[in-house]
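After this come two complexes, each holding chain A, first together with chain B and then together with chain C.
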Partner chain A sequence: MSRLPALLTLLAVAGVLAALPFILSDYNVSLAAQVGIFFIGVLGLNILTGYTGQISIGHGAFMAIGGYTTAVMSRDHHTNLVVTMLMAFAICFVVGVLVGLPALRLSGVYLALVTFALAVSVPLLPLQWSTFLGGSGGVQSAQTVSHVWLYGVAWSVSAILFVAAWLILRGRVGRAFRAVRDSELAAVASGIELPVYKTLAFGISAAYAGVAGALFVLATNGFAQPSEFTVFLSLQLLIGAAIAGLGSLWGILAGAAFVGLLPAVSSSVPVVGSAHGRDVVFGAAVILVMLLLPDGVAGLVGRLRNLSRA
Partner chain B sequence: MAAVESSPGPSLRNRGAALGGISPVVVLLVAASAGLLVGCLRSETFAQLTVQGLALGSVYGSLALALVLVYRATGVINFAQGELAMATTYIAWQLIQWGLSYWEAFFATLGIAFVLGTVLEVVLIRPVLHRSAIAAVIVTVGLFILIDGVVDWIWGSDLKYLPSPFGPRIYHVGGVSIARLYPGIFVVLVVSMLLVWTLFRFTKLGLGMRAAALRPAAAALVGVRVDRMLAIGWGLAAVLGAVAGLMAEPSQFFLQPTLMQPILVYAFAAAVLGGLESPAGAVVGGLVIGVSLNLLVQYVPAITTNLQTPFAFAVLIVVLLLKPSGLFGRREVRRV
Partner chain C sequence: MAVNRRKIGVVLCALAVTAAVASTAAASHTGTPGVSKNQIVIGGTFPLTEGPATAGASLYKTIPFAEQAYYAYVNAKGGVHGRKIKDIILDDQYTPSETVQQTTKLVEQDHVFADVGSLGTAPALSTWGYLNKHKVPQVLLATGDAYWGNCVRHACAGGAKPWTMGWQPDYPGEGKLYAKYILKNKPNAKIGVLYQADAFGRNYLAGLKTGLGKHKNMIVATQSYNATDSPNVAGAHVIPLKAAGADTLVIFAIPGAAIGALATSTGIGWNPLTLLGNVSANRIFMLKAGQAHAALDGVVSTAYVPSQTAQANLRGMKLAKSIIHKYAPGLDQEFAIGDGNLVYGLAVGWTFVDALQHAGKNPTRASLMHALRNLNEKNNPFIYPGMVVKTSKKRTFPMEQLIFEKWHGGAGGDWKTFGGILNSGH
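Moving on to the complex of A and B:
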């Protein structure tokens, strides 16, 4: 996308987002905040999977770590919530780099296996260390926030992280990421240190997920519970990234809206009903997108633009 | 990575092993079995846990075998393998509700599973197979959620019960009580592994499948129907998964939509422990995971049932870091 239309699109989206809380009902504002939270998570996953070519089916685990960071800090120290988000960012960055280390020796399917097992394992840890992490009952943060606060913070953070991602990806680091994705051998041959860039991508991506997790906990009345961070959450992020279009920033809004809104919308779908309706639609949608729109919504938009130009 | 693995030291040692030296893995496994036997003779609890662990390990091994088949045929890890197994177990339950006897339902289900597996490969996997590994994985992830939803929709999420395939009988050996189910599951696993091995080793179909997996283009040139082979591979994997599901339900788990989710992680660990490419490795890996989990929870105070899945995760990481080719896998040497 050339620079001026891209900037105009961005400004238009930002304007609409700023106006929304004045138009929507309180419930719909909370849904829009949910979309913002998934926007951050899907954005983070896209940096790793879309741009660096390293798959993760375990980003729900990083969201869990970020969420528990916020809940525990709030419970024990009444820390300012924005500060807890920064802590979630930092902690998840470190954990992400640590998970990225074994990933250096793994690729493709092996990485998928490891991250999937991570997603299944992490929510079990609070059950084990129940005095500190609250067991299956969860951790209740001391502060709670209004829907409008959540909406404002979620989308401001989204905007900051979006610009940050754009800056990272357009520069030297982003080129290195894409080189790693397209051919590791060629990347090494042109002097890119694989260990540095792979772990860096993991760290950044996990840090994004951590912030999303912190907001995710605040969205559930400040309650961090193992049952919120099931494997399903990780799959949701991956589906969001696939629908958005791997390796593109423009489709993320669509991907995030899809995974953020569907659970709420599907409960009113006739015939299939609530939870299983959500699953059926999720599963069918992601399969159809992968089969019919290999580049997701972003690819579709690009194709339509080319058509209209021709 | 390639440079490290093709350094002369290890490869020479490997050749020695292949030429008839006893591989350290076999020594290790024999020693472990001996240790287990001694433990069983000394303590009845130990023996009880070992027998149960072998039965559970057989279930993990069956699912791991299915994963290995799919991986060998198409180079994809099927994340929906467990859910597919769960769905076919529901089909068996439904057939029994409709009045079939257990074993009629068992074999009918295997047939249905085969058809289901091949259809899924042809309709969903084949179109994305030529794209990246990520695309195929995402499709199987979608399938995971889709099957979950469909099963929940048709059968609901309340618990269902399958009758035990081998009757309620319990044998007493010394102070150890062994439900007839446990050796039954073990035998089923061994028989399925032998069938898979025989298929690959001694039949023309198996030869074609191996050729199609190894060198698709070359196989096609000599007349192997590569597409058909891949589909059959998925079908067979679905059959093995169905066996795992049918054995899992009566052994410890309840028939509900989440039946196979914990088992899937153990099966991943088992498959990777066995080298991800080796059917025998998957079975041994399954047994090792099953027995060690059961014993660890009893004898190591720090490991509770909550830590069983994280333990499987740790096994995955350690194996992949220290010996990525697993116990039975071949070292992959890439020419650059």
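Moving on to the complex of A and C:
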């Protein structure tokens, strides 16, 4: 019964997204592309945190790996940018699986700390291997892209990965993820292999973040640099996922729009003296969302739905 | 329920259309972007707030406000060719991904005439491809790397960058002068170098080595720190320099790290001849080092703007004081204790106005670049007396002069320039 309207919603969203570049100004297209990039990142993190119950505050690190993959391949080999995205996907999947290994022994706040360490340490690698990864001077990719290209690719990839996530989560694997989240003990008792599913969840979500990172670097005129991938980026993704809530297209759109647009919207001219005005806006918005929408926008959509039923 | 969703869809479409109409209305204009009958809109990006991993960059944040103060002063006198200058300052937190977003906003949303004075090497590198492609002037950059002068005609990162231009003396040239100073004053020196592990630090170091020439082996040890290190961690790198037997310390670092290095040297009882790259020689940074118990007397650096504290009687410094007081009174205190960045900002503002005056009654981006490539300022009141800001077809670095300065008077002391004006050019 709910299949058809869901499909209609998807088509409507896709239609609006397809029409936007023709009606928006170039600058707004670049902002919309930014939202698309965060859509991918938030979607991936949602699989790990929302569905599988594993906290990560280190997904900015995977974005860094994906971003540097694209920049370096473009710089050294002029590789087709879409191909570099596939490479970013593959490399980050592998790294994600490896990072998932500690998750087998650690949980909750301890796992969060491991991922936090990742977020802090990965951006330092370019400084260590500065001839290959450009040091803090960064890596400039050979190709750069227009706003419209970025927009088109970001949202096409978003659509593909959204459908992929839907396919993964609706079946056996998705059920296993949710079982792990709800009770590891019960999951094991029902024959779910924890090592497989935990590392798989890490791998998939890291791969999503890697693709987001590749696009993120292209959005920075093809310039990859350590200071783009700070801990704050990881937090942005986590905040996006928290705002998104669980399992709703609207939620992920809202979360992505929030973290993708707020810096652009709130950055105009803080006066000398109010040095951290921008961070205050961001923090206050997060607190408000958490207070008013504890289940994220997805929870809100659910509540609205119940209201309309009543 | 389906109805509900359709409603949301309709609302979304309506919003999209409204946004589109609004943005196309804003975009429909003719002529040179940013130039209207009585106004010229320019913009720039600066670290107004501290990013998560950029210890100390926002110490530079007073620069754009001094520039705005200078434009307000010019506007009050009628502007340039009857047009008032409006300067939009955006915060990029010294983070390239933010710089790209904010610069895109300046160009495509605010339709600025030019990107003027934006700060930082990595931020500028992240936007120069974009700005050159769209032929938007990226000028009077607040970074002394040599790219901005070297890549005007030579291909760098995918092509020449004729729309990009720096302003201040370049780092390699400055590094060479320190080499000359050491060769003259301490010919048997054993040099230890602390530098930032990126293009900024390496360019400085390369200049020092060039200057030493065949005496390169006077450098007995080098240490590098990362821009993301905390000041104490960065500063601690002087310890192995001392251990290597160095008796001369050269610091090519951003303010936080330089303050850490000065304090650590004193702390470990090391008292070498110290030469300090001028990006960290602002008096307010030195006072901070003094508060951290660094022994400062005898530290040598260079200058290209006068000091409002040591040279308060200069006509230019009196003018600077009155402009800041009238148009940026919130910065009076910073000015009084000797924030050299305020003078720097005024000087950059002066050069921009000078170029605009020479760019014709109805300036275009091309005519602005032409004016900037043919500067000849002997009377900029905010640069060191006797120095010039000059460009030509052959000369792509606007400033190529420095003067040495030495710190006197301990923790509450000040710089004193010595010797004559030197050529730091190529």
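The rule is simple: the second predicted complex is superposed on the first by the 293 of 310 C-alpha atoms of A that agree within 3 Å, B and C clash if a C-alpha of one lies under 4 Å from a C-alpha of the other, contacts with A are read in each partner's own complex, and residues count from 1 in each chain.
We adopt the following convention: contacts are C-beta pairs under 8 Å (C-beta built on N, C-alpha and C of every residue); 3 or more make two chains touch, one makes a residue touch a chain.
Because the structure is predicted, anything quoted here is derived from the model rather than measured.
Once the two complexes are overlaid on the shared chain, A:231 sits against chain B and chain C alike. Counting residues of chain A touched by each partner, chain B versus chain C, the larger count belongs to C.
After overlaying the two complexes on the shared chain, residue contacts for A:124 are found with chain B and with chain C alike. Once the two complexes are laid over each other on the shared chain, residue contacts for A:221 go to chain C alone; chain B is not touched.
Within the superposed three-chain model, A:156 lies out of touch with both chain B and chain C [touch as defined at top]. Looking at the shared chain after the overlay, A:12 reaches chain C, while chain B stays out of its contact range.
In the superposition on chain A, A:239 makes contact with chain B only, while chain C stays out of contact range.
Once chain A of one complex is fitted onto chain A of the other, the partner contacts of A:27 are limited to chain C, with no touch recorded for chain B. Residues 124, 127, 231-232, 272-273, 275-279 of chain A touch chain B in one complex and chain C in the other.
On chain B, the positions that touch chain A within their shared complex are 1, 71, 75-77, 79, 124, 127-128, 131-135, 137-139, 141-150, 152-153, 261-262, 265, 268-269, 272, 276, 304, 306-307, 309-310, 312-313, 316-317, 320-321, 324, 336.
Contact residues of chain C toward chain A in the complex are 1-6, 8-9, 12-13, 16-17, 19-20, 23-24, 26-27, 48-54, 58, 61-62, 65, 88-91, 94-98, 100-102, 104-105, 107-109, 121-122, 125-127, 129-130, 133, 157-158, 196-199, 226-228, 330-331. Contact residues of chain A toward chain B in the complex are 49, 53, 55, 57, 102, 105-106, 108-110, 112-114, 116-118, 120-121, 124-125, 127-128, 185, 231-232, 235, 238-239, 242, 246, 272-273, 275-287, 290-291, 294. Residues of chain A touching chain C in their complex: 4-5, 8-9, 12-13, 16, 19-20, 23-28, 30, 34, 123-124, 127, 130, 135-138, 140, 142, 144, 147, 216, 219-223, 225-228, 230-232, 250, 263-264, 267-273, 275-279, 304-305, 308-309.
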